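You will see two complexes here that share chain A, one where it goes with chain B and one where it goes with chain C.
Take a look at the complex of A and B:
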């Protein structure tokens, strides 16, 4: 993009701030930045074959995101994030066998769901000669859900600043209090907690390429069941591991950067997944950047997934017809156009996501009804000062 | 066991990268470009993390988890 020394320095600093990144002597960002992005996320309606009765409309969500980053004194930086979501639509309530023998789904509530979510997170980072340490706290609230979370992280550079090791710890305490609980015989109030640890190593390979590998483990305990499903019983503990790898390469002849990412995931619900994505960040002169993106996701089913709810089983038996626990594959493609004018950046993104059991590389013994397809469009503005 | 062997192999591979060609600080200009960051657009990345966390069974990887949500 446009050669502006201050923005380059800001980019270096925010790279170090955002994630364990390229090993560069640490310092707070030299400029402040204010960012806003508005998005619309819209899931495709179900077909009459998938849901013979009732409404077919699914989630339609407007998302507003704000971010403020600023230096704070000589060695600190401050980051404030705020999000607001306006949610309407419906989600699967229960599944049965349809006339053709395939599972069919009924959506929740004839009038659908109206909800909103607000979130605020504040973080700070202290910069040292060979690394930095930081922390953040956050709070998220919906009509029926509340999360309070916090985290700390530290990174240190080694090997002439060619290698960066980063460690992060986070904890979230969540409360669940479903709406219309007494009418639909739902739980009144439950809670769960989540603890995560991440270790990553970033390595500069040469003048144009870098590599990062990261391992994370997350332990969830408490009420992990979906309270809005007519029948849904899950274990009250879950251990998740993920191993992520990222590669970045700058292509001098094209004035472009190539991003490749791969993640392996496994949890003790029995889900294993592979995620691969790549993007091409093509500069056109100093003011325009075009970024096509392609992603493939593939997961196996949870051990207790069933594509048709079995109401004859005891309520204590683990079972869930949640499509998110089924075996499926998903392909998504997106395009971002970014333009820079002075201290302003404007970004427009469109993304299409298609989930289908036919895209799965895993065995799909029980194809799920109601796998999602969505379209997302986002418009972002970024101002540095 | 297979998973542990794979992780060990990869960790060893990464540590061997430390022996790669030395890149001096003044040779890192291209690496510092915005488009070479691990995450080039923080808001875009956060939104995608949130959507995939809500609509797929997998989460985690390169950053510590934030708070959950009632998204279903």
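Take a look at the complex of A and C:
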């Protein structure tokens, strides 16, 4: 016969169950997780002033990303990533001087590009007492491009797990075979490779703040030119370095956290860029998080950038009117809402990005007429089981 | 934790086992560093150092919830379980067998009483001379917290023993429950009862090796915050519950009551328990297990 527990016992149990070390309901460890994210990236159309002739529509890309992470035995984990992209629109074909004397852009193809890209990557990690080592291989394919890549990385915790050092090496071998190569006198088939190394250090400063710094170097060689441009000649080698820093601080009184990031980038094409962003991660209870974000980006032009293609120069001279190699500044703002319901997490993000030479911190002598503005919206779902 | 602590669990991977052991030790030492009365750098010592300070001290969420639990124990025991009675334990020296001066006791009682605490949201103002002691709560809370941590790390078999307070991570292999021997309060080593525990926790309170005789009467080291004198109720109590924290609070309150009230309190709780009366006889539903 079981008697009813006393009122005192109920009262004492209630406050004991509220204690933080006890409060969280017992649950099996998160064994596996499955994530899906769908996003749409849409560049604004060009205006008639920017492109007086032909198509004005630029890239519109739908991206579907799947990820599966699961333990594999006691010491391994497995991660599978699959991405699918649907690309339509057009990219700049050539630039000339317009009637008003400013550069104007012609987009590729009368009806633009229709392409899709599929990618699959598989990775595994082996966990040791004070760190882990991992590796991955992947393959990506689209109509005119194929990439095969792989990487290894290792991570080690020091100093009572307060410091983490990680290193990674990766290699990618890419084949390029432009569509309609013969009609437009494009290259038939080219290839390039890139090798990259990253060293990163994370430090937990105290209970409420962390800092991470990472240095990376990437060496690209082979065909680095855009085959779809009427004229575009770039060096066969490119060395890129980047230094990224990230600081996070939890603000107890507000139940929110500041994330502040800064990245410096330089390559030997002559592009130097600075990216600074900050976001405020505001919790509302245990289930909702709202994250406003603001980012500023500034870059200098590549040494051989021209905002008007010069058809009089020999084809072997380096030149490119690719807007990504021009000097410009960009501002983007975003808002993310995350919510947790049971074993499900949902993330909704909207971002607006505006690139303009006027936003540059420096004087821009050759502004590109093809700088982009885009909207990006994405919805992600994560399920743990 | 100022006492013997051990953890037993099963794993076929030594690396995983060591990793969990480290996690548990880290959490145990975090709680010890935060709440030990015997460490001058603990947060509890900081709280006590602020006694009498005008602006008081800011209390974090975890400590706030411990105070909340202590308040419930204070209310449910009608003021017998009182974490503000730290001053009293300072003036009683059980090793010497001396009874402190009545004036000293009166003075300590003056500086005892949960209802004398002042809260301004999460800021706590403690009257001058008062001393907080989380004995009877924190060690039990640590046992539950560590067991939960182990379960969250994927362990479903194991037992934690923090100086006589037990918390079950999960039953022994083959779903067997853990046999826990409860020692006699006055003869070290001999077992007065064995309790089989397959989940939850078990906590004991008693005048284990810490008692004295005065004018022919036996006094435990457990002090009654109302009289300022040691309690004369049960000599030892062990309670099993779904949480070691609950078991500890229930056992401590039973010890503070008179012998008959303490037994009634345990019976009313309907929790498995075993106790030793003043005369050394053993009772309770778990006594013959």
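Everything below uses one rule, namely that the second predicted complex is superposed on the first by the 355 of 385 C-alpha atoms of A that agree within 3 Å, B and C clash if a C-alpha of one lies under 4 Å from a C-alpha of the other, contacts with A are read in each partner's own complex, and residues count from 1 in each chain.
Convention: a contact is a pair of C-beta atoms (placed from the backbone, for glycine too) under 8 Å apart; a residue touches a chain by one contact, two chains touch by 3 or more.
Treat the numbers as computed from the prediction; the structure is a model and nothing was measured.
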Notebook entry, point to check: Looking at the overlay, does A:128 come into contact with chain B only (first), chain C only (second), both, or neither?
Noted result: second
Next item on the list: Could you figure out whether chain B or chain C reaches more residues of chain A?
Entry: B
Next item on the list: Kindly classify A:176 by the partners it touches after superposition: chain B alone (first), chain C alone (second), both, or neither?
Entry: first
Note to self: With both complexes superposed on chain A, which partner does A:267 reach: first (chain B), second (chain C), both or neither?
What the structure shows: first
Check: After superposition on the shared chain, which partner residues are touched by A:40: those of chain B (first), chain C (second), both, or neither?
Finding: neither
Margin query: Touch test for A:75: chain B only (first), chain C only (second), both, or neither?
Written below: second
Check: So, does A:32 touch the first partner chain B, the second partner chain C, both, or neither?
Finding: neither
Next item on the list: Once the two structures are superposed, pull the chain A residues common to the chain B and chain C interfaces.
Entry: 7-8, 11-12, 14-15, 18-22, 24, 160
Margin query: For the complex, give me every residue of chain A touching chain C.
Written below: 2-9, 11-22, 24, 26-29, 74-75, 127-129, 160
Check: Within the complex, which stretch of chain A touches chain B?
Finding: 1, 7-8, 11-12, 14-15, 18-22, 24-25, 35, 37, 39, 41, 63, 65, 67, 81, 91, 115, 117, 119, 121, 138-140, 142, 144-145, 147-149, 151, 153, 159-163, 168-170, 172, 174, 176, 192, 194, 196-198, 200-208, 210-218, 226, 228, 240-246, 248, 250, 252, 256-257, 263, 265-267, 269, 271, 273, 275, 281, 283, 289, 291, 297, 299, 302, 322, 324-325, 330, 336, 347, 349, 355, 372, 374, 376, 378, 380
Next item on the list: Within their complex, state which residues of chain C touch chain A.
Entry: 12-13, 15-16, 18-19, 26-27, 61-62, 65-66, 68-69, 71-73, 75-77, 141-142, 144-146, 148-149, 151-154, 241-243, 245-246, 249-250, 253, 265, 268-271
Note to self: Give the list of chain B residues in touch with chain A in this complex.
What the structure shows: 3, 7, 10-11, 14, 17-18, 20-23, 25, 27-28, 30-44, 46-47, 51-52, 55-70, 72
